[in-house]
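I have placed the structure first, in the form of structure tokens, so that the comments after it can refer back to it.
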Amino acid sequence: MVIKTEPFVVNIGPAHPSTHGVFRMRATLDGEVVLDIEPVFGYLHRGIEKLAEERTYTQIIPLTDRLDYLASMSNNLAYVLAVEKLAGIAVPERAEYLRVIMAELQRIASHLIGVGAFLNDCGAFMTPILYMIREREKILDLFEMVCGQRLTYNYMRIGGVSHDIPEEFLPALKKFVDSMPGFIDEYDQLLKENEILLARSKGVGILSREQAINISASGPVLRASGVKWDIRKVDPYSIYDRFGFEVPTGSAGDCYDRYRVRVEEMRQSVRILKQAVEKLPAGEVRSEVSHLVRPPAGEAYGHIEAPRGELGFYLVSDNSIAPYRFHVRAPSLLNLTALREMVVGWKVADVLAIFGSIDICMGEADR
Amino acid sequence: MTVALSGGEIAARLEERFPGSVVESGQDSLLVKSESLRAAAGFLKTAPGLEFDYLTAITGVDYYDYFEVVYQLTSIRHNHSLVVKARCYGRDNPALPSVVGLWKGADFQEREIYDLMGIRFEGHPNLKRIVLWDGFTGYPLRKDYL
Amino acid sequence: MSLFDPGLNLSAYYPGTLPPEWPGGYWIHWGVFVVIILAFVLLMAMGFIWLERREVGRFQARLGPNRVGPFGVLQPVADAIKVLTKEDIIPAKGDKLVYWLAPVVAFVPVLMVFAVVPFQDGALLADLNIGILYVVAISSVSVVGVFMAGWSSNNKYSLLGAMRAVSQLVSYEIPLGLSILGVVVLAGSLSLNSIVEAQHIPFILLQPLGFLIYMAAAAAEINRTPFDLLEADSEIVAGFHTEYSGMKFALFYLVEYCEVLAVSVIVTTLFLAGWKGPLLPPLLWFLIKVFGVFTVIVWVRATVPRLRVDQVMAFAWKCLLPLALINLLITGIQVLVWPEVLPWAVVFLNLAIMVVLILLWSKFFKLGGGRVEV
Amino acid sequence: MKFERYGAGIAKGMVVTLKHLFRHPVTTQYPEERLTVSRRTRGNELIWDRERCTGCATCAKSCPQGAIRIVTSRGEENDYIVEEFRVDSGYCIFCGLCVESCPYEALFMGYGYERARYRRRELVLNKEELLTSEKKQPSGYARPKVEAALPPQTLLLDRDGVKK
């Protein structure tokens, strides 16, 4: 007897426990197997690119906080680097170090959420993410100490950073840097070798090297596929060429590799932090730049290695106080191109695991 | 350090292969004719020594008279980059050839430019609005949209 | 004569029914135990809800509920009031009768399981001579309720959850039953009270493999991590009870914890020598063991991720089922060939067999399939 | 995927969770237990210094949201008299750019954080509501003198890892 079956369509999201914001996947299922998937964007579209055309260069910095709200410092940094490239502004030494410290702290904080959410999507009942949020909390405490906010920092300024660090910051940072490797080891002990996690993530959602390059993936997604491409190394911005660190890569390009790459990157970030704290020079933190920056007409593309991948800002100036065109190259959006190729043929449960392993932030993908 | 290749040199190579395809070339960018964009992009992706296998970003800019679409290309193998631009004229129905066939990463970005700027990319497999809803009228990132 | 008099051995008199010398006879015994079971189940379920939340909280470096009452013990009461006063939603295109019946069908069987559980020697509603068979048979009726809920909700997530429920629960019945058989063979009786009496040393020592199989299969039966596919919140929202609210949801919530209670009770009875224990009164021993088993279940929940549906099925059919069969075979041989051997020799032998079997299966067992070509 | 580690990985993980059972929980029980916020906190409600303000409106110009409204009139000594100084906290994104840009240090970020209101119109603050009061203290954001006087922030770093 042949039973007549037909595929059915399930909307995963926009309100779903593990879509990391408001993302919708229109999945066609044959039982549990995914036949097709269509990502639907736009639930968090705020028109930031248009808003930015109406604001001065300094006023855009708080806007960039709201792009990738899990890694606001990185957004700040990428934006001010693009403006400085456009206007040719030099940055004091101490400010460069502070920027690196903040960016690396932010990378750890963001990866903690990324890894925790991925493990949560694999079904670990909140435990890993709560442990990781505990560590993220310490980083947020540090950010709060420096800039007064815990989520939307608005810390970088064109030509430096807004404030020097308070005197209690460095001891606290040193304490954090010393204790963090122990916590990373603990996370590894918790789930790195867990058979169930291995079964759920090894060999699942494979993105080959060629595919990863072709779909413009970046960040941990690209590196997990075996491409040693980290903008901090290949196109060093700020002062990243002064620090010694490794670029962890995966080999298989599966969910497990993406998870491992993130954890290893946290270790490398701690390494960079250690060096930056040691070398931190004294001096000014902000060069004399007016609040109303007026870059010469032209265009510039500034990019950094944000936690989620290559975050770039493309600015066109017409020599006024506001950019003529402000475009964000959002890693979350581009990494999602890979989603369909990765999930077709896997089960519903894998869709969320693969989606979690890409680690996106909808604020950035939709803008 | 990613080397920004000089637009002039690349323009010469392109001109040699596809005469008349380059409109102008600058320090680190070159402007190709919109008709020959597809061929030029294919050449840039495969030509030995260039091999721009990674499409970093696509942006559309509205200059009132014309729309300029900016392609940031990177070669992961050689670690160099290039900015390629193409222009399309007319505000009612601007169109450019799509490069999705070459770089799949262009998929969402071209949809986004279509959505917000109104430039059609011919040959795109699924050219729909991406961040705005389907019934939306107008293209918000155009300079004349209020 | 006190209710929990240890000398009151009902089964010795009249297996399966009531003691003739009880004042009032049949109906008083019936009434008293129904009240006791209802009170026990509901109180313990609430206790479990509180305990689970507190324990998971501590496992996750936070506090857990601590607002309502001392240490938050009244939290389940507050939750119950909140849930009962919520709006009762029935999906417009749902099957109303089935939707309404589903929580009842799921809840009643779980409650019925406790009828044969001895809280201490002879203190039970009905000492059926087929006690454990009754437990296995009745508890699998719950899945019908779950499927009804998933079907009648007219929600795709619910349907997915219900389909997972049926395949998973039916599969895990088999290793579950087979692992119980080992205990039955050792005890020589199906009556739960007799099984407890037969445990001079707890059967967990004689049946370590059977115990592990039972725990795994039971975790799957009651939808506990790592087999909580039915209501996998990160995948299919809340599975079969996505659409439920108010009182009906409360029933499903209660079913979940009553099932955990049932499993803890059965494990205690079958493998941990039930109410037996030195010094303390039997009822206390019973409760301590039940809470101990429950804590282990919570501990596992706080640590491990969830398996995928094909892996869950493969685990049942390729790993647990053969192991359960081998375990039954070995137990049978041991009982037939050396009935008089010192128990401690058998303990170490069985432990060794367990280790060897687990190592063998770890080497050769493949967990589920991968990508399907579409 | 094979089950090749004989459950050792699961056991290792369970040891970690068990260890946490004996650690101190990190929860802060908020209404009773309060942490000191950062000295530079960009808290709710701006604070305005009537004496120092010259009515130059630099803050209004630097606000990305346009939440500050200033109306001035010409005074006797050719100076500005601030007639209206209104901040719509509902639009404020607490970026602190106004405080940073104020050339006369007449504007401060608030130090408080419990300023929820039931109606949106209550979020619009006029001249009197912007002044400092018993409940409204200025924060040290971009004001080093205020910052030095405030208590240090409580850090999770100092509280964590304590054995029970």
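For reference, chains read A, B, C and D in written order, and residue numbers begin at 1 within each chain.
Throughout what follows, a contact is a pair of C-beta atoms (placed from the backbone, for glycine too) under 8 Å apart; a residue touches a chain by one contact, two chains touch by 3 or more.
Since we're looking at a predicted model, the values are computed, not measured.
Asks: Mean of the CA atoms for each chain, then the mean for all of them together: which chain is nearest?
Replies: Taking the mean of C-alpha atoms per chain, the most central one is A.
Asks: A-B or A-D: which has the larger count of contacting C-beta pairs?
Replies: Top pair by contacting C-beta pairs is A-D.
Asks: Would you identify the chain whose Cα-based centre sits farthest away from the centre of subunit D?
Replies: C
Asks: Counting in whole Å, what is the centre-to-centre distance of subunit A and subunit D, each centre being its mean C-alpha position?
Replies: 25
Asks: Please compute the C-alpha centroid of subunit B, do the same for subunit D, then give the distance between them in whole Å.
Replies: 44
Asks: I'd like to verify one number: the distance from the centre of subunit B to the centre of subunit C, where each centre is the average of its C-alpha atoms, in whole angstrom.
Replies: That pair's centroid distance is 62 Å.
Asks: Could you pull out the residues of subunit D that touch at least 2 other chains?
Replies: 1, 3-5, 7, 10, 13, 16-17, 20, 26
Asks: So which stretches of subunit A touch two or more other chains?
Replies: Touching at least two other chains: 127, 131, 134, 190-191, 194-197, 199, 203.
Asks: Mind pulling the residue numbers of subunit B that touch at least two other chains?
Replies: none
Asks: Got a list of which chains touch which?
Replies: Contact pairs between chains: A-B, A-C, A-D, C-D.
Asks: In the complex, go through subunit D and note every residue touching subunit C.
Replies: Going through subunit D, the ones touching subunit C are 1-7, 10, 13-14, 16-18, 20-21, 23, 25-27, 29.
Asks: Which residues, counting only subunit B, touch subunit A once they are in their complex?
Replies: 1-2, 53-57, 59, 61-62, 70, 72, 76, 79, 83, 103-109, 112, 116, 129-133, 140-141
Asks: Over in the complex, which subunit A residues touch subunit C? Could you list them?
Replies: Residues 8, 10, 16-18, 29-35, 119-127, 130-131, 134, 190-191, 194-197, 199-200, 203-204, 344-352.
Asks: Quick one: which bits of subunit C touch subunit A in the complex? Just the residue numbers, please.
Replies: 56, 59-62, 156-157, 160, 163-164, 225-226, 228-229, 232-237, 301-311, 367-368, 370-374
Asks: Note which residues of subunit A are touching subunit B in the complex, please.
Replies: 41-42, 45, 47, 49-50, 211, 213-217, 227, 229, 234-236, 299, 301, 303, 310, 312, 314, 316, 324-325, 327, 329, 333-334, 336-337, 366-367
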